[in-house]
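You will see subunit A twice below: alongside subunit B first, and alongside subunit C after that.
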Partner chain A sequence: MINTEKNSITSMQFIFIISGIQISVAVLSLPRKLAEAAGTDGLLALPLGYLLNLLCGYIIIMVMRKSSEKSLYDTLSKTMGAWVAKGFSLLLAFYFLHLMYDGLVRAILIVKTWLMPNTQGYVLMILLLFPAYKIALGGPRILGRYAELVTVISCWLPFVYLFTLKYAHWLNLLPLFKDGFLPVLTAVKATIYPSLGIIAVFILYPYLQKKEKAVSALVISNSITMSVYIFITTICFIYYSPHESTVFNDPIISILKTIEFRFIERIEIPFISFYLFVFSLVWIPCMYIASFCISQVFGLSDHRFPLRALVIVLAIGTFFYLPTYNQSDKIELWLARFGFCIEYILPSLLLVYLTLYKRFHRRAAS
Partner chain B sequence: MIHAENEMDKPEQEDGILFNLDENLKIVRNLFSESPDLFIRTFTIKQTQEQAALLFIDGLSDQQAINNDVLRPLQVHTEDGKPGDELMMTVGHIIEESRWSQIEISLLHGSSVLLVDGRDKAYALGTGGWPQRAIEDPQMEASLKGAHQGFVETSGQNIAMIRRYIPNRELKMRRLIVGRRGQTNVTLLYLADVMNPELLRSMEERIQKIDVDVILNTGELSELIEDNPYSLFPQFVLTERPDSAASQILQGRCVVVVDRSPSVLVAPVSFYSFFQSIDDYSTRWSIATFLRLLRLFAFITAAFLPAFFIAVTSFHIEIIPLKLLLTLGESRGQVPFPPFVEAILMEITLEMLREAGVRLPAPVGQTVGIVGGIVLGQAVVQAGLISNVMVIVVAFTAISSFILPNYDMVAAVRLIRFILMILASLFGFVGIIIGLMTMIAHLLTLKSLGMPYGNPLAPVRFSDWKDTIVRAPLWLLNKRPTSTLAKQDTTQSNDKPEEGKP
Partner chain C sequence: MRRTTIYVCAILAAASIFASACSDQLYLENAATPLALGMDLDKNDKFHFYGTVPVFSKNIKKKSQEIAGTAESLRQSRSFQDAQTAGTIQGRNYQVILLGRRLLQQEDWFAMLDVLFRDARNTITDRMIAVDGQVKDVIYLNPPDQPLMPILLRGMVDTKTKRSETYSTTAQELHRQFFDKGVTPYIAEIKITNKQVQLKGSALLNAKGKYAMSLNAQETVLLSILQKQADPGFSMSYRIPGKPLKGPFETDMLSFTGGKLKTKIKSGYENGRFTFDIHIKTKIGLSEHLFPVNVAQDAKKLEKQASALMEKQIEGLIQKMQKHRLDPIGLGVYARAKQYKQYIKVEEDWPEAFSHAVVNIKVELSIAAMGPVK
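Our next item is the complex of A and B:
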């Protein structure tokens, strides 16, 4: 059904797509959420979250290895029946629509607050959808190239944050485990939302050129994500005092206010505009995956029609309704729960089912 | 009338040449009616005592060659022969033709045709000699250290110039004829043991698919075989330099030489091919790397600087530090237009000046410079219509676009600049970023002969970076670019030259 030959992606592209979906908008509020849960100890929750993600990523890859057919959809329709497979695709489509909508709304809200308060939300939406449509139309290969290119052109971003080190108070981080181990464990919950996106492997795995390297690719992509998070969170925690960290909505952007060069003031303005590239790494792949899943549900030959419909609905929908910041926070909250079920629980269930199915099937056959 | 009817009845038989010379000449006069430039010279061949006629088109054939190498040997009595003998002519290029359609083509391409009474075949003699210009320094791509030979309008000479650089029997050619009326000779040159055969076949198929009256220029050919003709970006490199063409062939690309056009087409290429110049390889690698990065920077400023200025002055005035803001305010204070109008006015003026300079003859062209530089540059600022800063921005943009070595890419940049200016005036930085994102999306999907255009940045191929974004020392460039999918990828096994010991 799908042509994976012409659309194959390299391991590097795979890594950057996954990391891109994870980082994009989630990085903005991560330090605040960690601080809310555990103060500066929130930093310690990140490695724990990382381990959790590795485990979950491994399970997802195992599911893909176990699935004998070309794609997971085919495997499911073979083992559980066409309707279950369609239901599964629909679920994934909903999930990725959710992820995409969250990313888009976040980006629009941030642009509206910081750059263009007078511009209508739907105008920004239409602007953002323009390149997104063009890239999502191209399929995994173009997505992969886009993710790669964006990574290359935005690798200078972290270095700008080093300028804040002038005002760093390393002592903020100490002592470790100030309130014991429990707050750290609760802070792990905050790392779930920024790690969402590994599930994209379900769709992208068939396109991967070197499938035997999938595990290491996933480890690398999770490591990239985690090191970015640790870096950013450390910067925020050593800059802001422990109580201040929870005050700012998007500490990553607010922190830029302190950086000043001779030739440019308020560096956050060009920075946020450039950040749109990083933000776009969540909604563009999700847009593709969602429309691909919808095309599977309806048995369409490619994802073009769902994608077009999606773009039009988004543009018109935003004209009537755009969530506010608080509503977007709620969306995020729901997304974290939804995502936990989809990304951490569902793959394990699938793995168990597929293993059992194989065992029974083999026994039945022999 | 009878003749025409006969032709209708049995066209194949009529296409052949008859034995009778008078009949043949009648057919020729019929075919070439109202063509006073067709000359028919009838004479008797001394050698065989046969009646013969020599046909040629005045101006397309070399008079000297016809007089000395054809007419003289045939009319001077040498040894006795009988009718049907091989004729004595001192011409190298003789083809026997027996069909009128072929004779017509040979005649129109400059050959002279010898018809002999009693023979049902004609001799097309390679005495072509049409108006030609001398080989000169290529104007569009001047180089400091490279060769000073540019392509001319004759494909034979152009091919010879390329062959001088690659005297190897693996340099193969495919000759195709394009155009129903023009019958343009289009030659595909490639290295048989390097060039990827699928790309070659794709190129050949594309050229064969063309069905037009005539191709006047390589540019036309390139538009007809492009992957995406709606794109702003050129997808093939057109070069006037034999050394560039040869170097591209050696990299595993193919070159299309079009007769009557002084530029050849190179495919497949990527975005970065337009930022390379042949001088990069003859200068030291450090300066070549610097120049390549400078060109990339120039591309960015040429496309983005006016848009950036508009965005800053009309949306994000707060990012300018106070001191700079004061200077800027002083300059912009009395300007009655919004920044966008100001920028568009100046940019359009610049484009007009540039276009005026291209067409005008050199002595008049100087006036354009004076009018542009002094009258517009200075007077407009003194009159308070345009700010000083805007003039600087526009001048900087112009200089940046002059740095780019390829004209087609500069043309693309000029259009992109206007689009970005409009976007910036509507949405500030967000508009610019959206424009950039759309441009990237477009570049990602664009292809040149089916190969990704964004290579080696998207898809990332680090091994190709050393001869695109930078120019590494030559001994490191031992692989052909992966973007050409060359069959043989190693070009050399040079080591770093050893330091001389005293």
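Our next item is the complex of A and C:
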């Protein structure tokens, strides 16, 4: 069912796909959410979230190591039965659809607010879906190459933010732990939504060329994500005054408006257009993974048909209904809860089950 | 089969794109982009807006068109603004925002600028400039020997900011200053004298935005030094006491150019009051002294005299600011960073707490160069 040889991905591609799903649209509102939870201390929650992610990533890799079959789906159908495996795939499909829809809607709303307020949402949706469909159709290897390409062409983005350092107020960051440790812990909650996406390992692991390097690859991808988050959050906190950080919906974009060059005014316009590449790293892999999971549920030979159906439903659906900003915030809130269960709790349960099953099975065999 | 689906999709997409995707396009001929926005109150406290729109046409001698009117708010007035020009008004290119004195005498006028931040297509790097007088006079001035008013003002403010003689406070920066409870806002100030626009220095506003006091160029330099914003190359002049005056000339004048500044600010809390020790250290180059002095011998004495004069002026400045309940230096930010427990109790009314604070100033100038003449 899976042709892993033809579609294998390198560790580098694996790293960039995972980081891409994590960063994408979530980075935009992260500084505001951290500031809402703990003021400038929100920055300190990021390393804690990082440790949590490393633990969760390690558990996910352990689950994949324990599953002796080619893919997790095969292992589950062997140990728990076909119907449980199908249910599991359906759950994953729902989750990735949720992740994808959230990313798409956010991107469209941002384009509508900042670039083209009078253009219809469904037009933007169709324009975004075209390249997404073509890339998702290609499978993991094409996804990996796309992620690599986007990373390479967008690695200059952080440097532009250095221009705001001219107006930096480093004292805004002090004092650390101003209201004790508790607000920092509550701010860890805000780091969950921007960390979602590690679970894609469940699907991508079988395609990975060097499976023994999976752990280090995951550590690297989480480190990339976290360093981007720490960088961006620091920039926002030293630029905006502490009570101001919570005022801007997407501080990452708002801060761009304040950068002035001699040759271009309002650099946020080319920036947001370029950012669409970065945003696309969430919905394109998720689109592939969701349609792949659906094809497993229905026992189809490949993911083409579900993908087509998905694209058409999305295009037509957006014509009738596009969530508003507030609704998109709600979607995000639910996604954070859903994601916490799927990414942080479910893998641990699976690991416990698989370990117990193996021990039991071996004893029964001997 | 696969190819046909793609074709069908492509045709559908092309149709939908051509049908409606370009609803955001705007021809330059249909746009009027005001470069300046003015806000003021008239005698009856009615809100007035002003704008200067550049006119691009060979046959028209006057290069700009002025629009004006009364309104309840800026965006509400848009149709009225549109009605005065050939194109539709776009707020995407404001260079300066002028604030009349009468408007600044009110509190909470900053809320009127909400549209700048809420409509994502508006610029927020417009320079905020206070007008000592009426905005009307500046907008309708149109001197024949100068560039368009907004360009003139923008250039005036930006270049003088490099010399630390005023502030090119942008709308976003003003937003930050209003939201930061440990600092009070400061903006550039201009005045019309003899039908000429003149830069006065800077205007200090209180925490709610009400005009409190003005600073001249030299005082603004001192404030920039305290804020650690002054770039090397700022210039100061003092009259050295005890030097002889000859004729109508003030020959006791000493001017110097400052080098890279080392400003250290230490904060503390003693007996219910905040204390700040500010230590300013820099190397200066003499740029003129109208009295004879042997720099090689008397450098130390001159350094001391200049330092003492500067210290005295800064102390006077700080006393004035404390009297007006102002903290444009942002000492509140230092108090927040270092004395958080005490600061958080007075955060809501920091300027009041600052007015009771003890501020010690120490200036240390050292002469590094005397110029090519002895």
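We take it that the second predicted complex is superposed on the first by the 366 of 366 C-alpha atoms of A that agree within 3 Å, B and C clash if a C-alpha of one lies under 4 Å from a C-alpha of the other, contacts with A are read in each partner's own complex, and residues count from 1 in each chain.
Everything below uses one rule, namely that a contact is a pair of C-beta atoms (placed from the backbone, for glycine too) under 8 Å apart; a residue touches a chain by one contact, two chains touch by 3 or more.
Source: prediction; values computed, not measured.
By the document's definition of touching, of the two partners only subunit C reaches A:His169; subunit B does not. Within the superposed three-chain model, A:Pro242 lies in touch with subunit C and out of touch with subunit B [touch as defined at top].
By the touch criterion stated above, A:Leu127 is placed in contact with subunit B and with subunit C alike.
Contacts of A:Glu265 after superposition: both subunit B and subunit C are touched. When the shared chain is aligned, subunit B comes close enough to touch A:Met12, but subunit C does not. Look at A:Met116: by the touch rule set out above, it reaches both subunit B and subunit C. When both complexes are overlaid on chain A, the residue A:Val152 reaches subunit B alone and has no touch with subunit C. In the superposition on chain A, A:Lys211 makes contact with neither subunit B nor subunit C. By the document's definition of touching, of the two partners only subunit B reaches A:Ser273; subunit C does not.
Residues 115-116, 119, 123, 127, 130, 265-266 of subunit A are contacted both by subunit B in one complex and by subunit C in the other.
Partner subunit B is touched in their complex by these residues of subunit A: 10, 12-13, 111, 115-116, 119, 123-124, 127-128, 130-131, 134-135, 137-138, 142, 144-146, 148-149, 152, 262-267, 269-270, 273-274, 276-277, 280. Interface residues of subunit C facing subunit A in the complex, by the touch rule stated above, are 5, 9, 12-13, 16-17, 20-21, 23-24, 92-93, 120-121, 123-125, 170, 172-173, 175-177, 179-183, 330, 333-334, 336-338, 340, 344.
Residues 113-120, 122-123, 126-127, 130, 167, 169, 171-172, 174-175, 178, 239-244, 247, 257-258, 260, 265-266, 308 of subunit A are the ones touching subunit C in the complex.
On the side of subunit B, the complex with subunit A involves touching residues 315-316, 318-322, 324, 427-434, 437-438, 440-442, 444-445, 452, 454, 457-460.
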